[in-house]
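The two complexes that follow have chain A in common; it is paired with chain B in the first and with chain C in the second.
So, the complex of A and B:
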């Protein structure tokens, strides 16, 4: 038995292709990005010169970069304080109804399986000043049309709403799955003890789904750090860089402006920021939401 | 009182449903309208006449057909490679008797989950250039497979782990080698996991935009989302045709989703809770 499953050639054969790809596309790029971050390379010429921490200090003292960091921050704040509460309420409601539960669950998840690029185009159309649906509704109710994506004041908010629209269903499905695995007896016992609906949600359901909510918050933070495609499709970072996030700022620099060294420094900073946010969240918050067994 | 609360839930959820579905309806209606004037005049109304020509124009003139088949080819090939490679690693790490090495390699796989690889686009671009695949379909297929490996391996390994050891013992007595056990015993038994992994990775690849946008410059190689964005930028003035293009992008995914929604939702919950 052990002999058949102890075949070094087969083991190596099975492990090599995957490990090679992981090395090529995760480990090597990370190291290479750190190396080029210390150079002034333009991405084309043979001339590569080490410049020390210059790229890093340039990035960290660049107000445009910090403004993109701020936009990532808006993404995080919007997801954690607006999207997550909406998804919790919606999940509780879906769990509470019997009729049409399947329909709600299926339909709500739909935007999540769509391409972000296509959703960006679709919502860009809805936000359109002249023919867009949103302005038509506003005018219908007697308001003034707004240049949603064209004005620095509203562009970021418009993107955040679209992003929320796309991903809310994803989190609802996860939270709902957790709610539906809670044994019915717990709720029934509390009901017999005379607890009202709201009390049961607060004292029983919420504590029991905290671990999943914690995962949801974690995922939405990770997603907020990665967001780029929706911005490139909807505003390309404009108007006047008001919607640039770290990733789009990096792409702009490295690919459009041929500052490969600087771009890699940015890319490494993004990696560090993401790690810091993730670890901070894990240490400060997630640890408190311990796993609960029932 | 209780009935009132229930219908309150339904009212909220129906409103939510409307917010989800209305944009899609708006696009479908717009895609059948004559021109921008008709869209602007009656944004909520049904089209006066159904202008199917918008679909023909989008499919042929905007080359949606070319992009569509590029996307299909790239997504299918990458997803197949993903399952093959991930199940091989999954099998080696969970069933073969090299526990110490396997533990280390498994944590390498987990590490892959942690690294946000959008931020690694630049070095990956360079790497693809060096190995000479930039601006071919391989420039997407290889990174797509690499990106999908961590999550796929974790899901498949979880399933492989739960296989009973007795089946293996029996098959060893019957004279199967490790490769035989993998191909004839383990793979068929984790079939449902393979299906989930295939769908998840297919949808991910079908929808991917960033790499597809920057790693391919030949228009005839482009995928659907990138082609669609280009089309939008070129046809900024023709919203009816653009809407038809959006419908082409959305319908296949809707079809896959409506048929396989159970597996997709399960896959998403399983994958993300574990990750």
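So, the complex of A and C:
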């Protein structure tokens, strides 16, 4: 075209501002967090002592940390194997509704718009031992009330259900959009050929929305890894640390305890874990979700 | 031509970023130099007063504090105080620490003496106010400044004191013919009677672990002696000592016997007070700060005059003074170390201390707000001015107990506090034994003790 675009200097000049911002807001914090992970910094002091891998080995040998990792695992399993199937079924149902589709869409999207704090408190009422809706129903049918958020056995499950409820609407809207963009002719042609509803879902709709489902799974895994707010609002990681995830473990054991060095080491471990999980997912599963061309 | 345009555009992009960066720099520079040259009297200046007195419940305390602030403003020429109210928990765990790290500490801030201010003091981030106290001649007027002192120097001052004991519903006790228990056995019998009557003996809400721990702390201090908690950090005593473990066992027994509300681990501290106010529970083990609930503007004002207060009874086989009470002077104000560099600000801080820490102020806090004094007050005056029978009972309890001890979280490192909280919730939910719980706490204590050396 012209000389200017062939001059490498031009490209460098264009790239520099972006690189600077990237370095300032992404690379530098990451490196400094990694650096402090190797120190005994208490968050205030001017003197910082390097302690090698002590923070990392301390975290990895702490059973409380591994129990928080396990809870992140529950989040992922619950999202992938319970939340995603529910959202797919719900999306298919809404897509085939003839009347009031807008109402369903809005109603199901509502929780996603509300803040996590509101949702946490709202569900806190539902789970309340004495006056909660859930126990009222259980007692009405002759059961024993369950201490949902107060018992280490049920607290994690209660949070998972709330979290699922909160985000389902967001994923449903995504999947629904994918379903509604499928050309009507495909479905009609199959119908003329005599395919049943279930067959059409299996052979036409599902394969065509697979890429979106893959994105939804990806998002819910990433969301599960960084879950913290809902837990802080609902149980503060308790009772007895039974609902701590990695992020709340970091807050509770590192920041509250004046151990920023340890906290930074933890945040780096969380970063690594999240990377590993998402890369594994991309390599093993997402790649197989084929690109669709109509 | 086009080349020039491209280069120009990129240059503009870069320079705009650079200019933005420089802009803020020069800004900082000018204000910093302004501060240091600004030592002449009367030049307008501002200090930030970070308080945690937000919400309706603390409005009265804020109003009283504002009186001292107004006096300070009128005394120091050019001073303008910027009041900055932040939620106590957010301020303590988050905001103030970030400010300590970045160096922008408010001149006056709400703080906890031990371990927070002591940690800040070791880093030279808070003002040593010993000379001010000596100049004002009030250093010996305080009941106890241990929580605020490092190596004999004082780094902050408490707002008020608090003591922990049992609040009970007098009207209910009278209607059933119950009496204040004088011994531990009487307390146990009383709890059984209350339970049989269909009420919960003690309020409970253990979502935040400090709430149930007030009671456990009291029991282990009865059984192993009031001095025991201070000895954990020196290694002289261990959490695994039988008497301490026994306290955790008692707490678990009480849970299993149904002396607390079911589902307590899901409940917030507000529920603790609510259970007592609405009559679900007959007793509440709480700090004297809860007295304000039963005063004008409090949630339990309908119970005003019907609430009594007694000291936890002596326990059989207990070590040491069995009338000892948890008395805490840990929450108060500290000052930025930067204040020392600016004579005007130093004068403002001095004026605040002079006007806030007076016998008159302490008395008004006691009478109007129900907060216990942290300074020595004339006994006769206290008896004359305190009309509320519950406050009289609290003050009498303080006068009649021979010793006091600080709350455990002021005496052990923060990570041990976290672990105790974790373990007490396990105890309450019956997923651990008292022996395992104290062993786990001792392990963290050992690590912390080794780190401290």
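Following the convention adopted for this analysis, the second predicted complex is superposed on the first by the 269 of 294 C-alpha atoms of A that agree within 3 Å, B and C clash if a C-alpha of one lies under 4 Å from a C-alpha of the other, contacts with A are read in each partner's own complex, and residues count from 1 in each chain.
By definition in this document, a contact is a pair of C-beta atoms (placed from the backbone, for glycine too) under 8 Å apart; a residue touches a chain by one contact, two chains touch by 3 or more.
Fair warning: this is a prediction, and the values are worked out from it, not measured in the lab.
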Q.
Output check: A:74 vs chain B and chain C. Expected answer is one of first, second, both, neither. What do you get?
A. neither
Q) First (chain B), second (chain C), both or neither: which does A:106 touch? A) first
Q.
With both complexes overlaid on chain A, does A:263 touch chain B (first), chain C (second), both or neither?
A. first
Q) After superposition on the shared chain, which partner residues are touched by A:130: those of chain B (first), chain C (second), both, or neither? A) both
Q: Check the residue A:240 against both partner chains and state whether it touches chain B (first), chain C (second), both, or neither.
A: second
Q.
By the touch definition at the top of the document, which applies to A:10: first (chain B), second (chain C), both, or neither?
A. both
Q | Superposed model, chain A: greater residue contact from chain B or chain C | A | B
Q.
I'd like to know which partner A:255 touches here: chain B for first, chain C for second, both or neither.
A. both
Q.
Shared contact residues on chain A, chain B side and chain C side combined as an intersection?
A. 2-5, 7, 10, 13-14, 17, 43, 124, 128, 130, 255, 260
Q: Within their complex, state which residues of chain C touch chain A.
A: 2-3, 6-7, 10-11, 13-14, 17, 93-94, 97, 100-101, 115, 119-120, 123, 125, 206-209, 262-267, 413-415, 418, 422-423, 425-426, 428-429, 431-432
(Q) So in the complex, the part of chain A that touches chain B is made up of which residues? (A) 1-7, 10-11, 13-15, 17-19, 21-22, 24-26, 28-30, 32-33, 36, 43, 89-90, 93-94, 96-97, 99-100, 103-118, 120-126, 128, 130-131, 133, 136, 165, 169-170, 173-174, 177, 197, 212, 215, 219, 222, 225-226, 228-229, 232-233, 247, 250-251, 254-255, 260, 263-264, 267-268, 270-271, 274-275, 278
Q) Where on chain A is chain C touching in the complex? A) 2-5, 7, 10, 13-14, 16-17, 20, 42-46, 64, 124, 127-130, 147-152, 235-236, 238-241, 252-253, 255-260
Q: Under the touch definition given earlier, write down the residues of chain B that touch chain A in their complex.
A: 5-6, 9-10, 12-13, 16-17, 19-24, 26-27, 30, 36, 39-40, 43-44, 85-86, 88-89, 91-93, 95-98, 101, 105, 108-109, 111-112, 114-124, 126-127, 142-143, 145-147, 149-150, 153, 168-169, 172, 176-179, 181-182, 203, 206-210, 213-214, 224-226, 228-229, 232, 239, 242-243, 246, 249-250, 253-254, 256-258, 261, 264-265, 268-269, 272-273, 275
